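Two complexes are shown next, each including chain A; its partner changes from chain B in the first to chain C in the second.
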Partner chain A sequence: MQDLIRRYGAGLTAIICLLVFFWLAILVVVPNITLFESSFRPYLPVTEIGGPKDVYSLDNYLKVFSGQVEVSPLGFTFLIPVHVLTFFLTIWYSVVVTFLCFLIAYPMAYYMAKVAKPSSVPTLLLLIFVPLWVSEVLRAFAWWIILAFKGPLNSLLLALGLIDAPVRWITGYDAVVIGLIYTYVLFMLFPVYNAVSSLDTNQIEAAEDLGAPWWKIHWRIVLPHAKPGVASGSVMVFMLSAGSLLVPSILGSTTSQWFTQTINQWFNDALDWNTASAYAFILLFLCTVFVALAMWAFKVKLSDIAK
Partner chain B sequence: MSAGIDLENVCCDFGSFRAVDNANVSIRPGEFFSFLGPSGCGKTTILRMISGFIDPTQGAIRIGGKDMKGQRPNQRPTALIFQNLALFPLMPIWENISFGLEVRGVDKATRRAKAEELLRLVDLPGAADKMVSQLSGGQKQRVAIARALAVEPQVMLLDEPLSALDLKLRQHMRAELRAIQKRTGVTFIYITHDQGEALAMSDRVGVMSHGRIQQIADPREIYNNPVNGFVASFVGENNIFTGDVGQVADGIASFATPHGTFRARLGEQATGKGVKLFVRPEHTIISAAQPAENAIHGRVEEVSFEGNFIAVHAVTDTGMKMTAELRNDGSSDVPEVGAQVWMGFAAARAAILPDAETRG
Partner chain C sequence: MHRIRLTLSHLYATLFLIYLIAPLLVMSGAAFNDSKLPSIVPWKGWTLRWFSEMAADDRMMLAFVNTLWVAAAVALLSVIVGTASAILINSISGRVRTMVYGLMISTILIPGVVIGISTMLLWTKVGNALDTDFFLFRAGLHLSVLGQVSYIAAMVMLLVLARLQSFDAGLEEAALDLGASHAQVMRRILLPHLYPAIGAGAAVAFFQSIENYNVTQFTRGGADTLTVYVFSKVRSGITPTINALAVIMISVTILAAILYEIRRRRQERLMAAPPED
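Take a look at the complex of A and B:
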């Protein structure tokens, strides 16, 4: 603080601090606290707000358990509350997206950090960045067109003779997963790229010199070194995927439902902000718990990610 | 097991820059061979070509008589010790050492035993479970040696591995490295820019400059009988006279300089123009009386005490600076600053050499 004042003067420092405070308090903390508080109150007509029925309860949270649906994964048939099912599917497909993002980003990151000529890396980065200049909505719609039943992807594959009949891509969660990977893969790429770049190339050469085949070099030397980067990329991709509304809304099929869509339905269709808030906090809380468990399982420390 | 290495007309180009130019050398099995030269002379490139990280543009590299063309580093019987050691910081010491065995599918118990054995060999018992960051510079050095020895290489390649250590430790590790080499009998190829290191440890030294090997010989020969001015200057200090070669008899030539005409050994490659006379400071005599041969008169400018020797800097009457080194054992009188003195040198101890290095 002393340092800030000395460097920028008291006036500018005060303005900076006030702006940061406004950002954090007014735009983040207060709305969240408001929603959190309202998530414990029933959805009431305006006239009854503040009346005898307006009491705190967990009713909104318990609504996730209402409405059973029958599922039969792996031959077992059982009943599960529909919103709980949506939640688990959201988590599961977010994990799939995260894993696939890693599979795509790791070779790219390794290539850029250790194989490509340093002079060509800025060009590669630019090529990767250019699609980001297009709005997320447009990119999702672009994928919707690409993946359409009579769209370019099917035409291409048919023309190449790789498939005999058009594939229905936008079915189940397939298109959602593809769209989410496209949208969030860079959040995996950059942390992994940074982590791999910081690895001393001599270590890779030393491993090779000692006789290690390429996969062993990656498994024992590069991946362990890049683990913090992979972890921070995974947390970002997972959280962003689980919290994405746009991509599942546009690329979702009749048989897909993302938990954020359920939240959105409570907000915008049912206009029940109280239940919607409760659902939003369920998602936030359980995702955080899930990430914490995953970090514990993979022996990643919070300080590793912050690097 | 150790293998010899043959480099036959090996060249290496980086774009239009020729890093190694027509290197020919036969390194014998079990030999301690050093490549000595200033930075950028191509010695590291030679090492990386032998280990397989760089392919030669031309020429052949044979290890144990077998052509190494197309062999990746992980297929060659060499082990490289990197300048920065490149230990694996995320593995404990024993896993570092046994990494080469791990990739060969050796089971864990055998690996562990082998690591312990090697740690005893490099005088570092009990460090097996430590992490790299817990070791000192010298200890890391030993771990790097153990890690390279673990794969039982026929050739060990060392890329200035001592340059990061302090002087005392460096001198200690020199002896240590030499001892390990003798014990294991592995061929060592050592890269350094430190002439003291190369001379003290090696069976033979190859002095390099600008991608060319200037001279290959044993350390005494390199120091006492350099082939050209570059080698003479790189492996030691000299008083250098410019002049012209006169009459030659029994390998001793007369050499006319502005400071007088001297007699000195004529180097093999000293033909034609651009030759100079090189005299080592410790071969330069300084006394009040006029020496019998190659006498130059001058005045003492500065006397600096260096511990094991005393350097006397003088200026000749003709204005040339000369240095003489006297042993600090009381055997010679140290002249005072400002004293009028005679300097000289034995003809057999001075050499007339081509000034420039050998170029392509």
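Take a look at the complex of A and C:
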């Protein structure tokens, strides 16, 4: 801090600090505290706000547990509150998306870092960047066209003779998962690519010379080295997927519901902002806990991710 | 590496690129199909009518203008805030740095839904407390700007911070010793070194803002941005005008990419000119 004042003077230092304060306090911390505070307040008509009924309670959080539905996974039938079910399905499918993104991105990241000619990598990166610059809503829309019942994918598969009758792709969460993978796979690709690039190629060659099979080279040398990249990619993809509202809304079927859609309904349809706050806080809190647990389980530190 | 495995890896890379690009081609193709539903099958003949219908869509044009304003405001604010944050982070150390840096990075991971709702709640509550109808405290695109800046600034900060690593602080010392004022050190020494990162940050911020849906959806009030408008079109009656819009946006992207690539190759040739190794 003294260093800053010595270089740029007290005036400029004060401006810098004010700007950081504006960002972190006014735009981040205070709004989130407001959200937390509001989540305990009841939904009241304007005239009664601040009145005797405006007291803190856990009612908004307890709404998560109302309305039971019957589910029967693996043959066991039991009742579960509908919003809890939505939340679990959101987390579960976000994990599926994260894992599939890794499976798709890892070979490509390895290819770019170690197999492709170094001179062609910038062109490859540029080609990959094009879909990233195209907006998310259009990417989801593209898959909506492709996966339509009478769409190009079914036509192609029918023409190739791979299927006999058109497949209904947009059922359950299938299309949502397909859309989320396409939208967020690049957020996995880039961190993994960076991590693999920093691996000394000599290590791979040494392992080859010593007779290690290819899968063992990946499992014992490349993957452990790329772990921080995989971790930061996974955290990004998981949080983006769980927090996505566009893709589940566009590619969702009648039987799919994402937790963000529930929040959106409370906020924009029911106009109950306080319950929406409670649900939003649940999403933020439990996703953070889940990510922290996963990082602990895979022995990854936060400092690895921010690299 | 064995020949078969090498061939397989090239094949995989090609498939991956096709997977990334093909959906965009399908979507672009549908813009030229003379069919009321956006699709490329069945092909009913070439037409440009969706482009003229798009140009006649006033709401879309308004949304487009809104989007540009929001994106420009977000880029400007994010660049200022992000650059200041990077300079501050670069000059502090220890516990405080870890904490502040952690807080800055965490904004990228906060779901947009949470940012949108919390921004909306804070400003309308302040407005209610002050009992004012001043526009700042009511839903609208200006709140979308503030909400978007809260996480896009972190991206700019990361870019500028990376650039700061290669900065030689001795230059500032020299300038100060030679009698430069503090403002001159900032304006003539530090900022010129950061310009490439600031430019990249502005571009990232601009495009991130155009993409944004979650934050905008909760703060926009009645105003439309392009993303929100396209979304409402996809949900209600869709015509291929959306595809026509997509064609234009993808073309702009590809054009920018080609220009960038040409510039990079020219610079590479210039760098390669004097024999180095």
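Everything below uses one rule, namely that the second predicted complex is superposed on the first by the 287 of 307 C-alpha atoms of A that agree within 3 Å, B and C clash if a C-alpha of one lies under 4 Å from a C-alpha of the other, contacts with A are read in each partner's own complex, and residues count from 1 in each chain.
Here is the rule we use: contacts are C-beta pairs under 8 Å (C-beta built on N, C-alpha and C of every residue); 3 or more make two chains touch, one makes a residue touch a chain.
This structure is a prediction, so every number in the text was calculated from the model and none was measured.
Partners chain B and chain C, once the complexes are superposed on chain A, both fit on it without clashing.
In the overlay built on the shared chain, the residue A:211 is in contact with chain B alone; chain C does not reach it.
More residues of chain A lie in touch with C than with the remaining chain of the pair chain B and chain C.
In the superposition on chain A, A:273 contacts chain C only, with no contact to chain B.
Looking at the shared chain after the overlay, A:1 reaches chain C, while chain B stays out of its contact range. Once chain A of one complex is fitted onto chain A of the other, the partner contacts of A:91 are absent, as it touches neither chain B nor chain C.
Once both structures are fitted onto chain A, a short way to say it is that chain B and chain C open up an angle of 80° at chain A, using Cα centres and rounding to the nearest 10.
Once chain A of one complex is fitted onto chain A of the other, the partner contacts of A:220 are limited to chain B, with no touch recorded for chain C.
Minimum Cα separation between chain B and chain C in the superposed model: 7 Å.
Residue ranges on chain A touching chain C, taken from their complex, read 1, 3-4, 7-9, 11-12, 15-17, 19-20, 22-24, 27-32, 34-35, 38, 49, 104, 107-108, 111-112, 115-116, 122-124, 126-131, 133-146, 148, 150-152, 155, 182, 214, 235-236, 239, 242-246, 249-250, 260, 263-264, 267-268, 273, 276-277, 280-281, 283-284, 287, 291, 302, 306.
Chain B contributes residues 51-53, 72-75, 78-80, 82-84, 86-88, 90-91, 99-100, 102-104, 147-148, 150-151 to its touches with chain A in the complex.
Of all the residues in chain A, the ones that touch chain B in their complex are 200, 202-203, 205-213, 216, 220-221, 224-225. Those residues of chain C whose C-beta lies close enough to touch chain A in the complex are 1, 5-6, 9-10, 12-13, 16-17, 19-21, 23-24, 26-27, 30, 38-41, 80-81, 84-85, 87-88, 91-92, 100-105, 107, 109-115, 117-122, 125, 128, 146-147, 149-150, 153, 169, 172, 176, 181-183, 185-186, 207, 210-211, 213-214, 217-218, 226-227, 230-231, 234-235, 242, 246, 249-250, 253-254, 256-257, 260-261, 264.
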